[in-house]
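One chain, chain A, appears in both complexes that follow, with chain B as partner in the first and chain C in the second.
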Partner chain A sequence: MRSSAILFSLAAKSLLNRRLTAGLTVLSVAVSVALLIGVDRVRTEARTSFTNTISGADLIVGARSGPINLLLYSVFRIGDATNNIGWDSYQEIRARGEVAWTIPISLGDSHRGFRVMGTDDGYFEHYRFARGRALAFSDGDVFVHVNDTVLGADVAESLGYAVGDAIIVSHGIGDVSFEDHDELPFKVTGILARTGTPVDRTVHVTLAGIEAIHSAWATTPRARESVVAAEAVEEELKPDAITACIVGLESRLMLFGLQRFINEYTAEPLMAIVPGVTLQQLWELLGAAEAALLVVSILVVAAGLVGMLTTLLTSLAERRREMAVLRSMGAGARLVFGLLLAEAVLLAAVAALSGVVVVHLAMLAARPLVLAEFGFYLHAGLPGGFDLIVVAAVTGAAGLLASVPAWRAFRLSLADGLTVRT
Partner chain B sequence: MATPDSPAIRLARIEFAYGDGVPVVDIAELEVARGERLFVEGPSGSGKSTLLCLVAGILTPTAGTVDVLGEAVSALGAAARDRFRAEKIGFVFQMFNLLPYLSLVDNVVLPCHFSRARAAVALQNSATLRDEAVRLLERLGLGASALGGRRVTELSIGQQQRVAVARALIGRPPLVMADEPTSAMDSTARFAFVELLLEECAIAGSTVVFVSHDPSLAASFERSVSMTEINAAPTEGAVDAV
Partner chain C sequence: MTYRTAVGALALIVGHGAVAAETHGTHEHGHAVLKLVQEGAEVVVHFQSPLDSIVGFEHEPENDEQRTALDEAMRTVQVAENIVRLPAVCTLDGEPEVNVPYLGDNDGDDHDKADEHSDTAHAEHESTEDGHDHDTDEHADVHADLEAAFKYRCEDGIEWLEATALATFGGLEEVELQAVGSDATVVETLTPASPRAALTGF
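Showing the complex of A and B:
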């Protein structure tokens, strides 16, 4: 007897015949599998994206608050700083022997929903992301003048800016600002190539530019000159403070020494964090929420499978006659058992595979939205190991669960024989 | 021992009771010769269906022996009985004979998936099992032109029963058993169906056991027995399906 071949062929044809209920069952299991894989996928993508945002930085220095808070506002542009670093303190850190380079970060302003960041040339030179990649310009070049600006790829794309355009920066953060600094338009000098990090969503200006926004400088005669080099007005527009700074060291061996120096800095309360360590703390914090989400998704899959079990069980009553006919042709009660098992396994396998396909298509479709809203890039690559594990687990669980209706069908067909007793 | 001249069916002092212990079938002796066409008549609840199950090896008697085509079916294990049934017996039921999710041809071919012997015999007549199914269906007046690939569920009862006959006969099983196959037909169709069944079984050389509550059909058969006469078990104890 080629019973396994006939088994799956009968199971498949029987399912096709009941395509509405079978289809709905497949749909519910597929959706639950898509949810599970989607949750896991977004979780890993978010992690990769966060990890890729900053690379090669040894320390991040800011006002003393929480390390995670400092990391979030300085690098990921999430939340706000509670306090600043005094300009003199920044100069002192910068001048220390261990320090190879620094990138100042001055936040607090926005342009049409995008954050404005004051910095200097060091940013374009030393900032690294995605395992050591440097920033590159897709058009134009570094800012030189007080009212020059360099845009992230998303800013330029969504607002339709090109090099040479003039933009106006407002004070405060948000789409609608209460006061516009109309007086000082900024000129776009460069647009950065896409990085898949918050850099894409940032408007970069000079530190002097930030000062100019907030001072009355814009009304002075010098501001009326079309070209004012940032260095030329360094003294005039010297910032009092910056929000944070990224520090690169001569040698990583000096890391803890400098970190201690900053953490124990007496002139003002400062804090230095190691980005990788703090990122790890962030994962630990989010771990519980992620686990909860994962557990919920697994429960949804379980609910889908129980739904399938219900469908199979209710179908048994109307299929007793069918089982009797099969028995009359010499099918053993074991084949009846196997038939129901095969149906469940086929349903679950089809459902799980469609779930995988659906989630990857959905991620492909959601990619621009996620990039725009959350600033990270969904890699809807080929199905990976986790997908395979889920498909195997769902199919296996379906087989296990289906042994209940299969066993019932087995008992019924033994009792029924050739005539269905009611 | 299977010998060619052993009778098609021999029941000797068989008793059968379901779990409650009340005997449903109690037959001292019944013998059916090879090639014979036997009509078994009896009202519902007289143990007819149970008798068929005993012969088919679906049930085993609580006492006595069932020999079919020289094989002591009642002494075989469950798997061997399933195999024996697949090889040797074709069935036609009252109704709902066909699997709704298979095509006409697939329904007819199905027994060949359970029995190599029947598949081998079917392939002596036609190049493929499907060809043989089509040939049988055409003989029974269910040509492709008449049916045009209709679904099983779209056929009339009479047509469905003819498909069931084709399925029972594919691969020429030595024994064909029919359980009230005409109960859903009107009387003209009923006689025509019985004639067709007997004719096809004669061509296939199959022994026929035909069970019905309708004594008027007995005339078409060589021999007729009454369940109420041969079955000593009290009828009221039976729980036969209606």
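Showing the complex of A and C:
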């Protein structure tokens, strides 16, 4: 016990003496470990986050295209719809006996880079995320009027909006809008509590509100009154179509029956997907790419470790004197062997641990960007089992690799370091 | 006419037309879909396969041999164990609902409709991809699916599912399982070599 403590303190001191090379070695291994852990974390976080975004919804209905495409644009606001659902078809689905509730979704507009979504009260009542959590208001309440709007937490925070503010909703989804529908200002009536899902980055308006943006209605004196209840103008501002809808069933046993009815719907080409099934299909699709990334990052770690081995071997030549002095002072060949092993293990452990720290800090820093660009939330959780396995594996592998230079040092004779070579 | 027995919730699941795949998107020979949905103790399993993978053809029977094959298929899919196996804690609840296209002689509307349905893209796809001589076949423009639905009661959850259809029907190369429970979803491709899926969370 005592001897190993001496061994590690000797190794640490020796490393400190060569802090530049040691530091660079640590850096290269740390970067490779950070990459490996980062790839794994992003993979698992993306899965958890996507799974947590929608919960309790039985079916998502949209125009017939690809299931994954429908899931991405309706729930994660990634990409665009290829087509819409006719209002009449939506009403027919909604009226069916097996349907308990529906949430209409109408997309296509934006407000300063944030997506605008037209929907109705059903959204606030039935939308669930993170295994059954309901949406909550941090301030204000549900929209009532045509030009009322409810903001996601991020929208309110990054644009500095509060309940009562007036905002202009525009057409298109770019940051810069060339065609502002500035005839009709919307009033913020509510701000949602943070969910960690794309809901946070959405501007919610009524379906009538979406229609109002695109019709001449906005210029009528009535719109100026800004107290027109959405229901009062329901007929006047009835949408022709919506982008998609989320359906909840009376009983899950009716799931595949209704899915079939919608997929075979003849009035227009519709498609119904089961969110969980489509998400699994998405993972299957991404599985090969994920595996490739993981293999690449494992190889990068291996390259980092080989780099460390190279450094240790080269340093041996310079340290012949150091070894000889140790031996002349009574250190056995075994101690020299152990010293080199201890050095490698120390280097690798420090590198792997810094890699873990770096990756977690980086994820914390990248969180807003990832949420904005890819629609998922990176939880910077505490290091988990995988991190421990990586640290242990890297340290172990370093010890194994270091036995090569350690063996060489072991074989060097006492005289080797003391004799002056000519 | 099509043979159908309807029990409660099952009535909705199995198609009504003789040619069930008319408006369906995908139809890949050798590839069947097995759907399972769980609500409390109630479990419904729905099996859908291209008819070709079960009986070796996908048109009106033209001789006694083909008629016998359809009758045989009908008898086989009525027995749940031939399609799917669940743990012993699950018990069958009610009669199965089965749809085998082109079964019987006194047929009328359904088949006429099917024959009128002309989808040349599908016909081309078939003749080039699966090697069958469909393009000389007068029925080459239709796909037909066989379907079966079973209802179970599983009081203690479902630990696993085995797609016995892979062993029953040599024409099946894979079965895509889509299982939806209250807290879990399992999507897995089952093959004759590994016909069993663990249903974690069901």
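Heads up, the rule we're going with is that the second predicted complex is superposed on the first by the 384 of 422 C-alpha atoms of A that agree within 3 Å, B and C clash if a C-alpha of one lies under 4 Å from a C-alpha of the other, contacts with A are read in each partner's own complex, and residues count from 1 in each chain.
The rule we apply is simple: contacts are C-beta pairs under 8 Å (C-beta built on N, C-alpha and C of every residue); 3 or more make two chains touch, one makes a residue touch a chain.
Here the structure is a predicted model, which is why all the values come from computation and not from measurement.
Participant: If we overlay the two complexes on their shared chain A, which of chain B and chain C does A:V277 touch? Say first, second, both or neither.
Facilitator: Touch partner of A:V277: chain C, not chain B.
Participant: For A:V325, select first, second, both or neither according to whether it touches chain B, chain C, the two together, or no partner.
Facilitator: After superposition on chain A, A:V325 lies in contact with chain B alone.
Participant: Per the contact definition in the header, classify A:E264: touching chain B only (first), chain C only (second), both, or neither.
Facilitator: second
Participant: Please work out whether A:L16 is in contact with chain B alone, chain C alone, both, or neither, and reply first, second, both or neither.
Facilitator: A:L16 contacts chain B only, not chain C.
Participant: Going by the contact rule set out at the top, does A:L36 touch chain B (first), chain C (second), both, or neither?
Facilitator: Neither partner.
Participant: Who does A:I6 touch here: chain B (first), chain C (second), both, or neither?
Facilitator: So A:I6 only meets chain B here.
Participant: If we overlay the two complexes on their shared chain A, which of chain B and chain C does A:V203 touch? Say first, second, both or neither.
Facilitator: Touch status of A:V203: no partner.
Participant: Using the superposition on chain A described above, determine whether A:A57 touches chain B (first), chain C (second), both, or neither.
Facilitator: Neither: A:A57 stays clear of chain B and chain C.
Participant: For A:S251, is the partner it touches chain B (first), chain C (second), both, or none of the two (neither)?
Facilitator: second
Participant: Tell me, which parts of chain B touch chain A in their complex?
Facilitator: Per the stated touch rule, the residues are 49, 52-53, 56, 58-59, 78-79, 82-87, 89, 91, 93, 96-102, 106, 110-111, 113-116, 179, 239-241.
Participant: For the complex, give me every residue of chain A touching chain B.
Facilitator: Answer in residue numbers: 1-2, 6, 10, 13-14, 16-18, 321-322, 324-333, 417-422.
Participant: Would you pull the chain C residues touching chain A in the complex into a rising list?
Facilitator: Counting only chain C, the residues touching chain A are 9, 12-13, 15, 23-25, 35, 37-39, 42, 44, 46, 178, 180, 182-187.
Participant: Which residues of chain A touch chain C once you look at their complex with the stated criterion?
Facilitator: Its residues touching chain C are 64, 98, 131, 251-258, 260-261, 263-264, 266, 274, 276-277, 279-281, 284.
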